[in-house]
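Chains: A, B and C, in written order; residue numbering restarts at 1 for each.
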Amino acid sequence: MEYLIHLAILFSIYAMLGVGLNLVVGYTGLLSVTHAAFYGIGAYATAILLTKTGAGFFASIILGMIVAIAVSFLIGIVLSKFKGDYYALGTFGFNTIVFAIFLNWQSLTRGPLGIPGISKPELFGINFADNLNFLILALVSLGLIYFISRFIVNSSFGRVLKTIREDEEAIQVFGYNTLYFKLAIFVISAAIAAVAGSFFASYITFVDPSSFRLMESVFILAIIILGGLANLRGSILGALFLILLPETLRFVGFPADIAAQMRQVVYGVILILLMLYRPQGLIGEYKL
Amino acid sequence: MDILPQLIINSIIAGAIYTLIALGFNLIYGATKFFNLAHGVMAAVGGYSVFYFAKTLGLDIYLAAVIGVLITGLVGYGLDRLVYSPLRKRKASNMVLLVASLGAFTAIQAIIAILFTSQFKTLSQGVGTQRIFEVFGGVITQTQIIIILAAILVMVGLVLLLYKTQLGKAVRAISDDEEVARIVGINTNKVISYTFFIGSAIAGLAGILVGFDTGIEPTMGLSLLLKGVIASIVGGIGNIYGGVFGAFLLGFVENFGIWKISGEWKDAIAFALLIIFLIFRPKGIMNK
Amino acid sequence: MKILETKNLTKRFNGVHAVDCLSIGIEKGSITGIIGPNGSGKTTLINLLSGVLPMDSGEMIIGEAQKLTRILPHQISFYGITRTFQNVRLFEQMTVLDNILVVVTERNVFSAFFEKHTEYHRKLAEEVLQKIGLWEKREQLAINLSYGQRKLLEIARALAMKSEIYLFDEPFAGLFPEMRKVVSGIIQGLKQENKTIILIEHDMGLIRELCDYIFVMDEGKLLADGKPDHVLEKREVIEAYLGE
């Protein structure tokens, strides 16, 4: 039972990441492979704030979001000059640079040593060291993010995002400054990733750079492609699938480190199979 | 300033390695016009093949190297036949191919990790058995000289292939305009598969040489890939000479860059260079 | 009044002049045709006028007052210009209704979240879609429409902008006679509302029928201009079309 709760918490975190990334990739058509960078920013914000000051978890979420918003704004402006696969390459670059910062700005992040001893949230005296309570908090957060995202995609703003995906030049002549729209959604998506990062930091109580490499961004991308681009429930489904699947491998009897690599083989192969046979994923509305 | 000669030597060595990666990458890009991100893991395939044949099976090192290069070529060829070719047939977008190549990269890298563990291994016979030469005040090992020679030979060989053989002509025709090449009667799919073989084989060679110089680990492909991509774009994507130029430029920028900054920032510096080029000169230094 | 003019408008591609020192003036409330053989620069001209391509030199004058040497695509609607594309560019994986709604809703990033005038927009979309007969198909994805329906939707999208100046790039191409009548009717309807239409077309019958004035382009330059009947008799025009 404890194990299931653990899985459910991981699922919630990745579902949040997936929903946020889907806004950029699935709805707006921007192939962003740098999501782990904002995930990491949120995690480190929480880690640093909670271990170095007396500030609480919820304050750290705000801080993480603010930093993620600022960084993503700058990155977004630079990226706006790139198109298609060059855009993807640019995002690789940023993920790498941010990762290098996590690794090398040792006075702030303690580099590869990581930051241990991150405390749990405090709210109305509820004991969040009890994982069930933490899970509920995470699910509430996921729910909020899901509903906000749904509001966004169903609004006029969301409709414009889809046209950017379909034909950016065509929607421009109808009076839309697409740069602003792309920047806005990129920033929103980064803020959501930071929230997920904060939950991650507090749950695992330890962060180090290795959780935020390029491969992590690829993993999150795999989640939303599997679940289905431009479908928020799809991202939740994809997260469920890709979190549960490796666990079944563990039951088959692989030792732990091989299981981790098997997970990678599986989702690498899944990406290939999806591109070949079902680019719209499980319940997607948009084929890449 | 007596560190200068060593810096220059290191830059040249790095440039040579990146040249090998960029040559293969550019060759494939020229023919297919998409960023084959699986190219990086081919270096690991080459390195580990040699490890298996030379260290595990005890074959003669040169024989193992030749087998390693061939195996890598075959893996690249197979990847094209199984994955990219079917996708191209249905006119899949570049982003689909890019995602598929990401999947291939992830899966192959993980398979290598499962078969050989993630430990760092070296291909050379042992520490201290390398012959070292003193050149202009710096030192260079025998392996490193071979690397530089290999880069030169492969580049010359590739140019000869492209300009003096039928296959090379076909490749250039396809790079210019695939539609027209097909109409003129060239079996574009076959020729493209051959470019994958050749390109991947070159990457395999790079991995083998790196294995002798420093060592191999399953994740070596990513860093090499990114350097190859950066070199190619900076030099002019699709342009063979451009890739070489970009590779050496990158080698110099990296090594002189970390002279004053910690070596950990190497990747970040490389990417900063890429992003600067993508902003100001996306066609690279030598436009096609 | 000349609602739209160009002075020495030039655009080069790799040394070739796609549009070469072009100076034309469009009368407000008129239907003006742009004709010429393939490659004469007609679509490039429309692309320049709609900001899709930047001008190399020359200028655009709007309403005899605004002189512009540079115009970005998202600014043209502010100047009352809208356009269709020769190779229909709809938002494929979106519904017919969404294709129209997206051009009538809020342009501002912030207010686009909190769209207020939804009823008004739906009415406008319905009006426009009824005019071209696609209201029943409003929930269909654009990618599933027939060729003729797609061209009509492209035009409807421009209509929904309620602009002053309409740039139509080959709106009749590939359409059956019944649909041609619909488009023809739409264009004449716009004229009755005192709107200005610039029309690229190859069908000389339609040009004669609809246009008040035409410009003939050849190799990026202005070859001739005037009333259709007059211009279409000119020898150099006929020669340009028949080839060198």
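For this structure, a couple of remarks:
One rule holds for everything that comes next: a residue touches a chain if its C-beta (ideal position, glycine included) is under 8 Å from a C-beta of that chain, and two chains touch if they have at least 3 such contacts.
If you're wondering where the values come from, they're calculated on a predicted model, not measured in any experiment.
Per-pair counts of C-beta contacts peak for the chains A-B. Most remote from chain A, judged by the distance between CA-atom centroids, is C. Taking each chain's centre as the average of its CA atoms, chain B and chain C sit 49 Å apart.
Centroids built from CA atoms put chain C at 43 Å from chain A.
As a whole-number value, the distance joining the C-alpha centres of chain A and chain B reads 31 Å. In chain C, no residue touches at least two other chains.
For chain C in complex with chain A, the residues that touch the partner chain are 50-52, 72-74, 76-78, 82-83, 85, 89-94, 98, 101-103, 105-107, 109, 112-115, 157, 161. By the touch criterion stated above, chain A contacts chain C in their complex at residues 151-152, 155-157, 159-160, 162-163, 165-167, 169-178, 180-181, 184, 285-287. Residues 34-35, 83, 86-87, 92-100, 102-111, 113-114, 118, 222, 226, 229, 233, 262, 264-265, 267-268, 271-272, 274-275, 278-279, 282 of chain B touch chain A in their complex. For chain A in complex with chain B, the touching residues are 31, 33, 78, 81-82, 84-86, 88-90, 92-94, 96-97, 100-101, 103-104, 214-215, 218, 221-222, 225, 257-258, 261-265, 267-272, 274-276, 279, 288.
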